[in-house]
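There are two complexes below, and they share chain A, which is joined by chain B in the first and by chain C in the second.
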Partner chain A sequence: MIPFAQVILDGLFTGATYALMAAGLALILGVVKVVNLSHGAFFSLGAYVAYVLSTKGVSNPAAAVLLACVIAFAFGVFLGKSFINPVRSHPFSVAVGSLGFAILFEQAAQMLWGPHPVSIGSGPPWGELSGVVVRRWGAVSLLASAGILGGLALFLSSRWGLPLKLISEEEEVAGSVGIDVEKIRVLTFGFASATAAAAGALLAPATSITPTMGRVPLILSLIVVIASGMENVLTIFLLAVGLGLLSNISAYLLAPQWSYVSLLTVISLLLLLRPAGLSATDPGRDY
Partner chain B sequence: MRRIACFLPVPLLALSALVLLSFAASASPDPVAPIRIGVLAPLSGPFAAGGSAFTQAVTLAVEQANAEGGVLGRPVEFLVADTQGRVEIARSEALRLTSREKVFALVGAYLSEETVGVIEVAAASRSVLIVPVAATDEITDHVRRAYDRYRYVFRVGYSIPQWAGMMAEFLGRQGVSRYAFVGTAIRWNRELAGELRKALAPKRIAPVYEAFYSPRNPALEPVAVAVMAGAPEIVVLGDPGGSSAEFVKRVREGGATFPILSVGGTLGDARVAATLPLSAPLYVQAASWKGASGEATRYAEAFERRYGYMPVGYSDALPYDAVMLLLSAIRDAGRTDSDAVVTALENGTFPGVAGTYRFDASHQAAWGTPELHGTVIRWEPGGARIVSPAAPGGMNPAGVEPRPP
Partner chain C sequence: MRNTTGALALGAGLLLLLPLAGLDPFLLDVLTSGFLLASYVGSWDIVGGVAGQISLGHALFFGTATYSCALLTSLAGWPFAAAAVAALLLSTGAAAVVGTMSARLKGPFIALLTLALGELAHEVMIGQTFFSPRGAYSWGGEGGVPVALPWDAPSPWAAYYGALLFLFVSAWGMRRIALSREGLIWTAISGSELTARASGVDVARHKRRAFVAAGLFAGAAGVGFAAYVGRATTTDLSLELSFQAATFAAIGGRGTIAGPVLAALILHALFQGAGVPPAARVFLYALALLLVLRFFPAGVAGALRERLRARKMISGGAIR
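Here is the complex of A and B:
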C-alpha cells in the first residue's frame, strides 16, 4: 500500500458521498426554496431498506436502491404536499417541522429495528491499482454521484428541465405561463428524497446502520450546498470532492479530530469571501 | 358565632390526627410495599443502544427476582429515567427519582460524566447507588477521599486501570511488542489509552500509533491507512459504538492482517460480527459470555429467549449483576435501610454472571482477580470462541483458573 496515494483516492470517494447527498438538497433549496432538515432521515431510510432486504437474502444493491427510491419518493411527495408546501413561506416553520419529521423517523426506526447498530457485509475491494486499494463502496459512490449529478445537469439543460429552472428563477412568471408550480415543487421534493434514499441504500454496506446515521451526512451536504451555491451542479461536485480530500488529508497528516475542524474552517472562510456561494455570479455580500 | 367557635376545635383536632397518622404510616414502611429501584440509562440520543441493553437486563433481573418471591417478602419495582446521555438530565432525573419517586436505591448511570453528577445526588439523599458500567476512576476516588459522604456509592463494573490491566494481560499473552490504539475522542477512550500504555510499558509493549476520531466525522479511511502504515502487531479498538464495525471493514478492505482487540459493544453483537470480514483475528472483551460459567450461560440464554438476540456481555451483564447484587445485599441486611445495605455490600461476597464480586475500600469491585476476570472471545465463521481465560482444564499464563463451561 502507498499510504498517501491511498488517502487521496479515499478522499475522492469521501467527497463523492457528500456530493451524493448534496444533489438532492441542492434541488430542494433551488426549486422548493426551503432548508429541508429531514433529508438525512431519507438517507437512513435507504440504508434500512438495504438492511431489511439483506436479512431476507436479497443482497443485490440495485434492488435495494430501487425499493428505497420508490418508498422515499412516496414519503417525500406526501411530506411535500401535506407539510412543506403549505408552510414554505415560513422558513423557520419548515426547518422545525422537517427536523421534527427526522426525529419522528429516528424514533420509528428505533422501535422497528432497535437502537443497536446493524450491519451488512461489504464484500472485498474492487481491486488494487499500483499498490492503491480501490474500495468497492467508495467507487460505487463516486460513480453514483457523478451519474446523479451529471444526469441532473443534463436534465436541467434540456427542455424538460426548463420548468424547474423557471420556477427556481422566476416563480411568478412560471405560474403565469401555465406551469403547475405546486405540483412540480412536490415532485421535486419527492425526487430529491429518493436520491437521498438511493445514497443510503448504496452506502449501507460500507457503514454501520443506526437510526441517527443520517445526521452527519445531512450537515456535511448542507455545508457543501450552501458553500457552493445551488446554481451550478459541477461546482457542487467539485467542492464536495475538495472537502472530502481536505477531510482525509488533514486526518492523516495532523490527527483524525482535525478532519472536522479543518473542514469547517475552510467553509467559514469560503462563506466569508463569497457569502452567496462559490457558483454565484455576484460574489458581493448581502448586507 | 360563639357556637361556631365552640365547634371549631373538633375538625382541627380530626385534621391533626389525620396528619399524624399519615406521618406515622410513612415512617414505618409497609411490609408488602414494593422495593423501588431507580434506573438511570440513556434511552435516546447517541448512547441509546447501550442504554436499551442496560434496561433490558435490569428488566430481566427484576422479573427473575419477583418470580423467586421478591426480596424480604416484598415485590421489586423499578422506574427507568432516560438520561439522554447528558450530565444535567442524569442529575435532575436522579433527584426526581430519590425525592419524588422515593426509590430506595439507584442503578446507573451509563457514561462516566453522567455518573459523576449522579453520585452527588446519591450522597445528598443517602441513597445507595450501584454503578454498573461507568469506568472513570473519579467515581471511586470520591469514596476513597470522603468516605462518610460517598459511602453509598459502589461500582460493579471495571475501572479504567482495571480494564487496562486485563487488556495488558491479554496482549502480553499474545507475545506482541507493538500495538496501535484507535478510539473516539471522548474522555473515557483517552484515559483507557493512557492507562494501557502504562500497563504495557513493563512488558516492553509500545504503541506505534494512537488516534482518537470525532464521532461527528470519524474519517475512518485515513485512520485505517495510518494504522496500517504503523505496522502494529495488534490493534486495540476502544470505540464501543457503530464506527468500530466500519473501522474493521476499512482495515480489512485494505488487506490488513493484524488482529484487532475490541473493548466490546457493537463488535460483541453476533448480528454485526456475522457481516464482518474475519480474514484475521477479531477479539472482543466482555465482562461475561455464554459458556464462560454456568451462571453466564443461564443468563445469556434467558436474555436471548426474552429479547431474541445474544447479549454483548457488558452493557447488559453488568447492570444485571448490579441489580442482583443490590437485592442480595438487601436480603443480607434484612431491611431497606441504606446504612445497613452499605454494610452488607462492604462485607459480603456476591456471585453474579461475570463472577464473584467483592468490594475494596473505595467500593470498587475487585476485577482482574481469579474470582472476577472478564472474558475475551474470538469471532469465527461459526460464532464466538472463548480465548481468555484459557480453555477449561488448563491454567493460562496469567494464572487465572478457567471456569467450567
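Here is the complex of A and C:
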C-alpha cells in the first residue's frame, strides 16, 4: 500500500515537469498562433531517447535531456518550417496535420521499439522522510523544470523576449519594425518541441514508456494553455502541478487509465464552459 | 458532374464483376471491409468537409453503433435487427450530443472537443469488462465484445454484394444531402460562420444537424461492420480510426463525398490488399496526409479538377 503522501509528492514532481511542456505549448499558441497536437509526440520522443540511452548503459538524466532536446529541436524546426508555417492560416490543415505528425511518430515508435511498454530503472532514492520516498527522477525533474521555466520567465521579461511578446500581441507591428517573424516562429516551434522532449526524458523513469504515452501530457498541456494563455509562466506552473496531482490521485484511487479519463473530462468541461477559447489562436479570420 | 458519370458506372461495373471473375477470398474480404470503411469516411465528410467542422472524434459514432450491436445482442439477448435499429438511434443521439456541445465552439476547439470525447469513450470501453451470460469468461477490454448474429458463417459473396449495395445507397444518400438546401447552408457555414449568421442562418442548429446526419451514416456503417465482422473492439472507437476518416477525406478532397469515399476505398484496397501491416499502414496514411495538406490543400482530386478546368478554359471548352 503506497501512502497517500507519496502519491501527492510524486504528483507534484510529475506536474512540475508537465509544466515545462505546457509552457512550450503556450509559446507555440502565443507566437506561432496554432493549436499544436504534435506536442505529445515530442514528449514520447524524449522518453524513448532516455530509454535507448539507458539500454546503452547511460543513465545520466542530464545526457538524456540534452540529447532529447537537440533531436526534438531539429524535428521541431523541420516541422515548423516545412509544415506548420506554410499551412498556418488553414485551421483544418494545422489540426489534422499536427495530429498526423503525432500519429506518424506513434506508429514509427511502435515499429522501432514495439507496441509493448518498456521502462528504465529509476535509480536509488535520494532520501526518505517518515515513509515517503523522495525519488531521484522526481528531485531531478523538479529542479530541472523549475530551472528551465525560471530561465524562460526571465527571458520573456528581458529585452530579448520582446520580439516574442510583440509577435504574440501585435503581429503587423513586429513585422514593420524589422523583426523576422517567420524565423522567430520556426525557432519558437523548435524550442517548444525541445521542452516537451525534455519533459519526456525527465519523466521516463517514472512511467511505462509506450508509443501512445504522449497523449496524456498533450491533453494536460492543452488544458493548461486553454485556461491560462501564454503570458504568465507561474500560472502555467501552478495549473500543471494541480493537474499532475489530479491525474496521479485519480490513477491511485481508481486505476492507471483513469488519469487520462479524468484529464479528458476536464478538457471537455473546460471547452464547454469557455467556448470562446483564446483570442490568440484567431489568425485574423473567422473559421 | 456529367463527365464523371461514365467513370463511376465503369467502377461500379468492375466492382460488381470482380467476385464473378474469381477474386480470391482474401481480396474479397479486403474489398468488403473497404466498402464499409469508405461509407464511414463519406459520413465524416458531411460534418468535416461539407459543413467544415474539424471533427477528430468520428470513430465515436461508428464505435457506438458496433458496441450497441454487440452488447444488445450478446448481453441483452435482443435480435440483431432490433439491436441494429437501437444502434442507429444511439449513434445518432451521440452525434446530437456532440453537435450540441460543439455548436458554440470554433475551428481548432471543435477538433479538441471531438478528440477528447472520442478518446473518452475509447478509454472507458478499454477499462470496461462485461460478464458473459453463458458464464466462465468475460468480454470487453481490448478484445472487445462479440455480436450475436442470426447467421452462422456469412457467405463472402453475400457480404461483398451487401456491403457494395450499402456503399452505393449510403453514398447516394449522403451526396443528395450534401447537394440539398440543408447541405448548401452547411457549405455556407463552412465558408464563413460570420457571413452565414449575418444572412440569418441559425448556425448552431445547422451545425448540430450536420453532426446528426454524419452520426446517422457513421452509425449505419458501424452496424454493417458489426454484422460483417461479428465483433466490436476498441479499435472501432480509436483515435486512429477518427484520424483515418479525416485523412482519407483530405486526400480525396473535402466536401465532395465522392472524393473521400473513393480515396478510402482505393487506399484501403491498395495497402491492405498488398498485405501492409496495420502500424505501417497508418504510418503511410499519416505521411500521405502531411504531403497532401502541404502541397495539395484542396486534396488530390481537387487539384486534378482544377487542372482539368484550367485546361478546358484554355482550349475554350465548356466549363462545368
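Everything that follows uses one rule, which is that the second predicted complex is superposed on the first by the 231 of 287 C-alpha atoms of A that agree within 3 Å, B and C clash if a C-alpha of one lies under 4 Å from a C-alpha of the other, contacts with A are read in each partner's own complex, and residues count from 1 in each chain.
The definition used in the following text is that a contact is a pair of C-beta atoms (placed from the backbone, for glycine too) under 8 Å apart; a residue touches a chain by one contact, two chains touch by 3 or more.
Quick caveat, the model's predicted, so the values are computed rather than measured.
Trainee: In the overlay, answer first, second, both or neither for which of chain B and chain C A:260 touches.
Mentor: both
Trainee: A:156 in the overlay: touching chain B, chain C, both, or neither? Say first, second, both or neither.
Mentor: Touch status of A:156: no partner.
Trainee: If we overlay the two complexes on their shared chain A, which of chain B and chain C does A:139 touch? Say first, second, both or neither.
Mentor: After superposing on A, A:139 lies clear of both chain B and chain C.
Trainee: Could you say whether A:52 touches chain B, chain C, both of them, or neither, answering first, second, both or neither?
Mentor: neither
Trainee: Which partner does A:110 reach: the first (chain B), the second (chain C), both, or neither?
Mentor: Once the two structures are laid over each other on A, A:110 reaches both partners.
Trainee: Pick one for A:181: touches chain B only (first), chain C only (second), both, or neither.
Mentor: A:181 contacts neither chain B nor chain C.
Trainee: Let me test your reading of the model: by the given contact rule, A:13 touches which partner, first (chain B), second (chain C), both or neither?
Mentor: First partner only, chain B.
Trainee: Take the contacts of chain A with chain B and those with chain C, and give the residues found in both.
Mentor: Chain A residues touching both partners: 110, 115, 219, 255, 257, 260.
Trainee: Give every residue of chain B touching chain A within the complex, in rising order.
Mentor: Residues in contact with chain A: 43, 46, 48-49, 51-53, 185, 211-214, 216-219, 221-223, 225-226, 228-229, 241-246, 249-250, 253-255, 266, 269, 271-272, 275-277.
Trainee: Provide the residue numbers of chain C that touch chain A in the complex, in ascending order.
Mentor: By the definition above, chain C touches chain A via 52, 54, 56, 101, 104-109, 111-113, 115-117, 119-120, 123-124, 126-127, 192-194, 239-240, 243, 246-247, 250, 254, 279-280, 282-283, 286-287, 289-290, 293-294, 297.
Trainee: Which residues of chain A touch chain B in their complex?
Mentor: 1, 3, 6-7, 10-11, 13-14, 110, 114-122, 124-125, 133, 135-136, 138, 206-213, 216, 219-220, 247-249, 251-252, 255-257, 259-260, 263
Trainee: What residues of chain A sit close enough to touch chain C in their complex?
Mentor: It is residues 34-35, 37, 82-83, 86-87, 90-97, 99-101, 103-104, 107-108, 110-111, 115, 215, 219, 222, 226, 255, 257-258, 260-261, 264-265, 267-268, 271-272, 275, 277, 281, 286-287 of chain A that touch chain C.
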